[in-house]
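Following this line, the structures themselves.
One chain, chain A, appears in both complexes that follow, with chain B as partner in the first and chain C in the second.
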Partner chain A sequence: MSEPVSALQGAIFEGLVKVEEAGPCGMITLRGDLASTQVKTAATGVAGVDFPGQGEANCAGDKGLCWMSPDEILVLCPYDQAGAGVAAIDKLLAGTHYLATNVSDARARFVVSGLDAREVLAKLTPADMSPAGFAPGRFRRTRLAQVPAAFWMRDEHMFEVICFRSVAQYVFDILTAAATPGSEVGFF
Partner chain B sequence: MSTRLASGGRLLDRSKAVDFTFNGKRMRGFAGDTLASALLANGQTLVGRSFKYHRPRGIVASGAEEPNALVNLGQGPRHEPNQRATTTELFDGLRATSQNHWPSLEFDVGVINNYASRFLPAGFYYKTFMAPRPAWKHVFEPFIRQSAGLGKAPKDRDADIYEHFYAHVDVLVIGGGIAGLAAARQAGAAGARVLLIEQTAHWGGRAPVDGAEIDGMPAAEWVNDTVEALEAEENIRLRRRCMGAGIYDHGYVMAYERLGDHDPQEGLPRHRLWKIRAKQVVTATGAIERPLSFAGNDLPGVMLAGAIRDYVVNWGVSPGDRTVVVTNNDDAYRTALALKQAGLEVPAIIDARPAPASPLIQAARDLGIKVETGRAVAKVKGRARVEGVAVSAQAGEGAALQDITCDAVAMSGGWSPVVHLWSHCGGKLVWDEENAHFRPDVARPPIGADGAGFVRAAGIANGAMGTRDVLADADAQGRAAALACGHKRRKKTAPSAAAEEAAPLEPVWLMPQGAGAALRAKMWLDFQNDVKVSDVQLAAREGFESVEHTKRYTTLGMATDQGKLSNINGLAVLSQSLNEEIPQVGTTTFRPPYTPISMGAIAGEARGAIFQPLRRTPMHDWHAENGAYWEPVGHWRRPYCYQRPGESVEEAVQREVRNTRENLGLLDASTLGKILVKGADAGKFLDMMHTNMMSTLKPGRCRYGLMCTENGFLTDDGVVARIDDETFLCHTTTGGADRIHAHMEEWLQTEWWDWKVWTANLTEQYAQVAVVGPKAREVLDLMGGMDLSAGALPFMGWADGQIGDFKVRVYRISFSGELSFEIAVDAHRGRAFWDALLEAGAGFGVMPYGTEALHIMRAEKGFIMIGDETDGTVIPQDLGLDWAISKKKTDYLGKRAQERTHMTDPDRWKLVGLETLDGSVLPDGAYATAPDSNANGQRNVQGRVTSTYHSPTLNRGIAMGLVKHGPDRMGEVLEFPRTDGGKAAVKAKIVSPVFYDPDGEKQNV
Partner chain C sequence: MLILHCPYCGVDADETELSPGGEAHLKRAGPGTPDDAFERYLFHRENPKGVHFERWRHASGCGKWFHAARCTVTMEVFGTYPAQVTEPPQEICDRITGKRPGWSWGAFS
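Entry: the complex of A and B
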């Protein structure tokens, strides 16, 4: 079987921060009643991390759970395990009202890292990027310039950013423009 | 003549000379100069011409309120007009040119308007150019366009880059004078996250120039200490060269940071537009000095008293050897003192007040300055610059009592708080009798979402006069702002200053108060737009009683300075003319931005390749490398066709259609919307969303469906595949994917929230390829992996399986009328699948085809296209799609609307095919004419073309259109006048819209 090819094939830019397209990543959209123990168990079973609270992300390595909305959770896993993940959720939740589907190919993922990572993102998103407003453990669906995106932090200086696959080049370009060397703001 | 003083200038670094040019003339200033101070230092008092009369104009002010000193800056891709010399920091190599003159600044032909000024009164546009009508277009407008207008519009693409920045703070303090510093200091002490912004390059505002003392030290020292202390605080951020541009609802503030204007650097952002969310805003925006209205107050050399003080103290510039000070308040005496201290002459202080007395006035007298009380400037003498003043009694009509020779006049009519930002979001004002100005009404601030005020004015911007009151007020506002955001950690002792004893101001709106018509016609209110006292009085006489109407009629305050100097004086004159109190007349509306901000800053990063997001399918690069002629579809780019070398677009399209009908075509259909709908009520839900019955669809089968709005109009279409009992996959049009997904969610979340349905938009999860043509099955069989025979996968069926190396889902649907398989693969493997199809198809004559071939083939089959046959006013019944409207269902979105009388009217235009008699292509959008004209004298029509193409299959023009009673009129010939101006109408016969393979034999094999 042919290898999966992500939208930008691992493009990298180094400026004020490092911007790299992170390659294929497993993602499962799970919609259901997030208060239900069954739904939580199905999600944590695949991701192997605790179920996150509202606006939070629990990530460990290439697995994790991200709170998308009051009835939607994003399950992260290795790319080649997404299909099995959906099947496992289907098995556990059979007969209940839920939706689980593989969206790994619908998205692009970037890692934005460096001391000024907060500022680079704050040039593009209206979200509060100050340490008080956003910290590791939080998850935010928002926009970057003109397109929808979401992000969370791996550590104090490293963000993971996801967007739709079709606008991967646009998001890479606006991130690199915002990371123009010498354009640091010095705000955070 | 203005010049540089031998010493002084607290902002100058005299060790660093800076070279610049003005109108090509080489000049020299120092680091720390503004362009205005450098021009004055070089003796350049004439800097431009006024808008209407082309009167000579000199520098009046020293800051953002400057109306006259507007210049073109830079050249080529960095040319920018209407830049304020007073807020432009000098840098090496700066190139400025003056504006609004021809052929030269010194000799300007347009000045003829000056002598004709009595023929150009207020509203002259409205009066003069009413008739004859054509004269406006052919005579008056070209003439006015030539003579009016300030700077030159840039011609080149802007070479600089810009960016935005979003910041969230507790307290935003706008203005870095002593009030702003005091407010930020106290808000920060309480523990609030504070951002303090200052529009200039310097902290402290006017206080150091005015000689204030704070906490027992000179203001400049206190400012330095305070800035240093604030910078050390973890929760306080300070930005210079960052102007508060506008305040909007919910604590949203726009600020404009000028990063590169004072120090241009290639490749770095020039401006940064801050979009700030603040819980509380403190506007410590200071005050602007008012001019006095005396005859000749617009001559170069007449300046605001405070500005003259700034030039002397900040930049070591003399406005001239002899400066007459004219005032109605104490503050201007500081200018006289500053001039004296710089060794310059002050022949007299003309004070309009009858008998003022205060320590400041005494200090002036002690220095030997003659103080003339109860006096006025009757008029300024001189043609292109100040040569002297005639002095009269303020109480009289202007009879000269004496003439004084001088080079400059320093005027002060009092100070008006800068209430712009307070007012942007609805803050109200009160009239302060004592100081004759409007100040913020603290009882009626801009209101936030919680019903409480979110803006506080501080210091002189709040009407607090004198250093002591300014500091006390600002300190309290800073504390209150922090408390309002829930911060009360610490409270610092407020900075203090001694009380000042000042003689009361006396409002002076005309000087002298009894000035006759001749003098009033020379008293300028708006220097840039040439509005005089006489113009406002004329407007009042002609019935323009509202200040907003007077503004528009006279153009008072409508110039690029937005009336910063003219506003109060103008409405005071208006109120006197109307015999009303000033508060009754009120002010015009203050709107953002405070001063103009660059278009580049507004655009931010959105330019060039990232002007707009461009959506790309997984196969995008292949298309680009293989001659794609792009068509924008939403934010996607889709190949319209693939041009081969030497081939025209039309030829490529015709080739692609023919090849698909004869051999094998590939279409990148990845952009089609794909929405997963799942749940126990999914069938019921789709029965509501579609006009036809979806709940009866069997798993493994597909059905073409129509979606209508609740008003009955056709909004989208697509094939629905039933995946299993609970699950459907709905295809939408390319442009409809996000819209239809949102439409579904809206109904589920607002109306049918208790239905068990989930949706997910999977549009981008799959790359989808339509494999089309008589050889489609052969090529897929060659790749192998699944049985695609008609028996295994019949028309309108779908199946999961394997083709070659790829896990696929195959839909046997056809939008072309040919044997067709639409195959979905995971997007990350889309390009590889496309490549594999091309390789396998090589022996079958494979050719990709674009959207135009797709359009032609569907039109040949009589299939409708959303956006061509529909335009938001068309219902499915108009298109003969009654077969897709379920009669069994009790309801679906649009059903009741479609039963309204207008929708069931038999006279509605209906879809037919149109065949030109001569085989030509009908013009797109052309109307079929009917006999006679309607009541408006317009030609009657009976139909219109919705789609029209040259069909390579039939080798003739084919079209679809909506025609009155169309389906009942088969064979009739209609006339379509050309849309390109051609004379002969095109004749077309009404036929069936299905031009090709009406029995569907080709697709069902």
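Entry: the complex of A and C
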């Protein structure tokens, strides 16, 4: 078994907020009919959390479920459990119409934390980042500057951001640029 | 800036999160159709001043295709609706009639 290496090997920037590449993280893409009890059971069985509603993320520790679209759910788990997670889903959904894939190595994950975390993200995304528009428990797929990304909140001042691994350096660079000390906007 | 409500993920997405997909409700003229019908299908497009129906994709979002009805003059959005229909839902047509009495677009009015 080879050693997992995350995209930026834990790069850290401290400015207006702390931007940290979070290291290897297990991610399973599960596509299917999210209204189906079987599909829901398969997802919650691996993640150990309740099934989220439209546009929501349900996370506890390093496990969680994120609502990606009406037919796609993202299952979060520890990196070394993703393979077993896919196998468990395959076993439960065998013979039904679904797709489950380990995408852990296809993505990068960042933690953006600090009092201005909301503001740093608002500089990069067209999504409504006001406290009324986005709060813990919500999940948003959108873009950060030029690339697709998604995020959710751990708490009021901590965001988790995921993007494709191929653009990890780009996302780290724009996050750190948006977090340059002295560039506060103070809108929220 | 156009802001369209995505009927699939419920997000009010601005234009920069979307990809345009051209005219809505095109009906394909397939093999065996006369040349003029094929020409219409391939090249002739509505280009209205006013009520218009389009396809859009929530590209930097849930990834789904959907339909939008809007006014090309004022940019007012009458509504958005799912992709799995071959004509605008009655509710959307009624809303347009309320705001633009006597409107017509292609075969719809």
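One rule holds for everything that comes next: the second predicted complex is superposed on the first by the 188 of 188 C-alpha atoms of A that agree within 3 Å, B and C clash if a C-alpha of one lies under 4 Å from a C-alpha of the other, contacts with A are read in each partner's own complex, and residues count from 1 in each chain.
In the analysis below, contacts are C-beta pairs under 8 Å (C-beta built on N, C-alpha and C of every residue); 3 or more make two chains touch, one makes a residue touch a chain.
Model, not experiment: these values are computed from the prediction.
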item: First, second, both or neither for A:Gly32, with chain B first and chain C second; value: first
item: Chain B versus chain C as contact partner of A:Arg143, first or second or both or neither; value: second
item: Partner contacting more residues of chain A (chain B vs chain C); value: B
item: Which of chain B and chain C A:Gly10 touches, first, second, both or neither; value: neither
item: First (chain B), second (chain C), both or neither touched by A:Gln54; value: second
item: Partner chain(s) touched by A:Ser130 [first = chain B, second = chain C, both, neither]; value: first
item: First (chain B), second (chain C), both or neither touched by A:Ser69; value: second
item: Which of chain B and chain C A:Arg107 touches, first, second, both or neither; value: first
item: Chain B versus chain C as contact partner of A:Ala122, first or second or both or neither; value: first
item: Touching partner for A:Leu99 - first (chain B), second (chain C), both, neither; value: first
item: Chain B and chain C contact sites that coincide on chain A, given as residue numbers; value: 126-128
item: Contact set on chain A toward chain B in their complex; value: 1-7, 24, 29, 31-32, 71, 97-99, 101-107, 119, 122-130, 132-133, 145-147, 164-170, 173-174, 177-178, 180, 182-183, 185, 187
item: Chain B to chain A touching residues, read off their complex; value: 161, 163-168, 193, 237, 265, 267-269, 272, 275, 277, 604-606, 609-610, 612-618, 635-636, 676, 678-680, 756, 758-760, 762-766, 805-807, 826-829, 831-833
item: Residues of chain A touching chain C in the complex; value: 54-55, 68-70, 72, 126-128, 140-143, 148
item: Complex contact set, residues of chain C against chain A; value: 8-14, 16-17, 59-64
